[in-house]
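I have placed the structure first, in the form of C-alpha cells, so that the comments after it can refer back to it.
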C-alpha cells in the first residue's frame, strides 16, 4: 500500500490535493481526509484521525472500575447505552456477578431503543450528506421520542450512565413501558413513510446504487463488522454468534444484502430498526417482576489477575473490551476495540476511483463516530 | 454633560483629539447594527464530539433554533457569526479551532457548550495529555453552557443570553 | 396595445434609467427578502418546525435583521486571493439581475423597458452571471471554490441549451420576441396548454440555471462547503445570496410570461395575477429543494445532454411542423 | 471441523508457539498462544489462510515486572467465534515484524500501538503517530507517563 506523503511533481499539473476537514459539514465530526484528486476523481485518499482523541484508555488506568463507568457512553455517544451496559456486563462476567432477570430484560429494551435512535441519526445525516435536508429533521423528530423514553429511566438524553455492576440504577415506570409500546406502533408507520420519501426516490437510488462497493475480501482483510459487513452478505452479529446478556432468548433475524454498496448498507440499517423493534416487543411481553439490582454486590470491584475480553454488538459493529487486571481495583489496562476504527481504515482502498460527491455518500454510509475511532 | 477642562495651550493635535473624543459619533448606527446582530446569529457548522449531537437536536424539529433566527448553519467560517464549541477540544484540534476563529469576520462570538469546553469537564485529570482544558485557553468565550452534554434548551438559553449581551452593546472580539 | 414604460413617464431617457434602477432595486430587495422569509417558513413547515417566529410578527423581520447583520459584518479579503477577480465577482453576479428585471412585463399597462428583442436580451444577460460565479471561484484561490466554479460553468452551459430550445418553441408559436406581445397573445389560452413539454423542460432548466436544489452542485454544502462563495464574508456574501433569490424571481417571472399567460386571469387585476403565478412557481422550486437529495455532477450533465436536450429538440421540431401546417 | 484441526496442525508446526491449555471462559478466547517475535508473521499467515481476521491488536506495558512489552494479537473468524489471542513478548525498545502486508487492519492498529506505547514494527510502510497531536514526543499509555493517581491526588490537595 503506497503511502500518501508525497508532493506532486512538476509534470503532475492536472492533479491536486484536497484537504477535507477537520471542519467539514460531512465528515461527521473531526475527521480529516487528504484526497489526491484528478478533476473530481479521487486517485488516493488518506483518512487522518486523532482530532477527537480524549485518552479514554489512559483514564482507565488512573481510576478504578466504578469510576470508569461514565466513560464508555462517551466513547460512542450515539450508542452510549449499548457501550455503557456492555462495560457493566464485561465487569460482571469478570467478577462473576449474576444480574436479576428484570434488569436483563430492561437492558435489552434500552439497548435496542438506543440502536434505533443511533440508526435514525445515521439515516438523517446520510441523507443530509446527499443533500436531502428534510429527512434529517424527520429522523430527529422520531429520535426525540426515543430520547424521551430513555431520559425517563436514565435521566440523560445522550450519554447514559444507566447500568450498574449487578443491575440498573432505576426501575422503569409504567409510563416507559406504555410509551415504548406506543412508539413501536407509531414508528412502523413512519418507516413506511421513509420508504416512500427516500427509498423510492430516483435521485437517492442513482446516488447510492453501485456506489462505494466494498469487495468481500476486504471484510477479512480489515475486520469489517456491523451493518457494513452484513451488507456484504455475511450474517454475523455478536448478539447471535456469542450471545451476551439474554439475547439468546429472543427471536430476530439478521438482515443481510449482497451488493455491499451504499444502498445496501442503507437497507440493512432500515431492516435492523425493524428487527430491533421486534426484540423490544418480545422483551416488553416477557418482562418479569422482581428486583433490578443483584443482592450481593462486592464492595470492592476487583477482577482476579488475568485478561478478559468481552464483546457486544453496537449500532456500528463489534465493540470489544480487552481488560487486563492485576488483581487491584484499578484496571491495569483497558483496550477498547471499536468497530468504526476498522471500518474507516478501509476507506483508503474503497475511495480511490470514485467521485468527490461519492466520497461524501460513502463516508456517510459506513456510519462513523469520530470519538469512537479516536477514543 | 460633563465639563471638560480646556486643553493646554501647547497640546499636540493628537492629544487634543484624544481629549475631545471622537468627532463623529457612530453610537446610534452601532446600536442599530447591534440590534440586528443580536437577532441574527448564524452558527458555524462545526461539531467536536458528543455535544454536537445536542447542537443538531437544537436545530431540529422539536427545539428549532430557527425560531430565533439562529437556524442558518453556515459551513464556511467566513459567513458565520457565532462559533458553538460543541465537544472536547483535543490538543490536535486546538490549532484548527484557533484557525477557524481567525477566519471568522468580526464581530464574532463564541459559545462554550458543555463541560469539556469550559474546563475539560469529565476528561480533566492530573496528567491528561490529550485535550485542551477549556476553550478559553485558545479563544475568547462569551457564554458558557454547563452540562455533559447540555440539553438543547440550555443551548437555546445560551443563545438568548448572548443576544442580551450583544444588545447591551458590549465590545466585540476583533 | 402598448404598455407604459419609464421613458413615457419621464421623457428624458437618462432620468428614466435612474428612476428605473431605483425602482428595480427596491422591487428586488422587497421580493428577495420576502422570498427568503418564505423559504425559511416553507422549509420549516415541510420539516415539522415553525421557522422564524420570534422576530416580528411571524418572524417577518428576520430577513431584515439578517441583512442588517450582513451589512455590519467585517469584509475579509484573504491575502491569497486574486484581488481583482475576487472583488469584481459579487458585482458581476448581481449586475445582470438588474438588467434582466427591467425587461419583464409585470402587468398589462406596465413594463420597465419595452424592447422588441427582449427575450434574446434576457437569455443573453442571464448567461452573464456565470462569469461572475467563475471569477468568484477562480479569484478566491481556494480549491473548493474552484471546483464549485468549474461545476457551475459546465452546468450552466448544459442547461442553457434546453432552456433556450424550450423558449424557442414559444417564440415559434407567437412569432414574436417581444415579451409583452408574447403575453398579449396568450389571452384565452395559456402556452402551457399547447406546450406542456416545453414548460416542464423550462422549469427544470431554470431550476438548474439558478443553482437551486436538487441542482445546487456548485454550492453543495455537504461536498464543497459553500462552493464559489466559500471565501466571501459580510455583504459580499450577501450579494451572492441576494442574487440567487433575485435569479429565482426572474426565472419564475420568465416562466410565467412564456407559459402561464403573464397577467391574464379572471377578476383580479393583472399585476396581482402575475405575482400569484410567480410566487406559485417559486413555491414549486422550494418544494423541489426541500424534497429531493442532490444530483451527482455527472448525472446532472448526462440528464441535460441525454434527456432534456433531445426532448427539447424533438419538441421544437414538432412545433415547427405543426405551426407550419396550421 | 477439519478447518479448525487444520489450523491447529498449522499452528503446531510453528516451533516457538506455545499454546495454553483450556482457556478460561472468562478470557473470552478459544485459544491462547505465545510466540516468539520472529514467528509472528508466520502465525499471521496461518490465520489469514484459514480465513481469520485480525480483530484486535494492542500492546501492554509489562516493563515493571518483566522488562518487556507484550504485543497482543487477537484473531477471530466470521461465523461462530473462534478467538485466538497470540502474545509476543518483546524486550523493551526492540521491534516486532509488521503484519501490515497480511492484514489491512494491521496498518492502523500497529500505528496506534506505536503511538500509544512506542512499540516499533519492522516493515510497516508508514509507522507514524495516528492519534496524538502532531509533534508529540511521548507514548501516553506507558506506565511511567503522566502522574500516578495517588501522587496526583496529593498534588491536587485531595
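Here the chain labels run A, B, C and D in written order, and each chain numbers its own residues starting at 1.
Basically, a contact is a pair of C-beta atoms (placed from the backbone, for glycine too) under 8 Å apart; a residue touches a chain by one contact, two chains touch by 3 or more.
Only a predicted model underlies this, so the values are computations on that prediction, with no experimental measurement involved.
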| item | value |
| --- | --- |
| A-B compared against B-D, more contacting pairs | A-B |
| Chain whose Cα centroid lies nearest the overall Cα centroid | A |
| Computed distance of Cα centres, subunit B from subunit A, in Å | 33 |
| Interchain centroid distance [CA atoms averaged], subunit A/subunit C, Å | 44 |
| Centre distance in Å when subunit A and subunit D are each reduced to the mean of their C-alpha atoms | 24 |
| Subunit C, residues touching no fewer than two other chains | 47-49, 221-222, 225 |
| Sites on subunit B at which at least two other chains make contact | 45, 60-61, 75, 90, 92, 125, 127-130 |
| Overlap residues in subunit A, where contacts from two or more other chains coincide | 24-25, 50, 53, 55, 58, 62-63, 137-138, 141, 374 |
| Listing of all chain pairs that touch each other, if any do | A-B, A-C, A-D, B-C, B-D |
| Complex interface listing, subunit A residues touching subunit C | 16, 18, 24-26, 40, 127-134, 137-138, 141, 197, 201, 203-204, 206-207, 355-358, 360 |
| In the complex, subunit C residues that touch subunit A | 43, 46-49, 143-144, 147, 213-214, 216-217, 220-223, 225, 290-299 |
| Touching residues (chain side subunit A, partner subunit B) in the complex | 22-25, 29-30, 50-55, 58-59, 62-63, 70-71, 74, 77-78, 121, 136-138, 140-141, 143-144, 147, 157-159, 370-371, 374 |
| Subunit C residues within the subunit B interface of the complex | 40, 44, 47-55, 59, 61-62, 64-69, 71-76, 221-222, 225-226, 229-234, 237 |
| In the complex, subunit B residues that touch subunit A | 44-50, 52-54, 56-57, 60-62, 75, 77, 87-88, 90, 92-93, 96, 100, 122-123, 125, 127-131, 148-149, 151 |
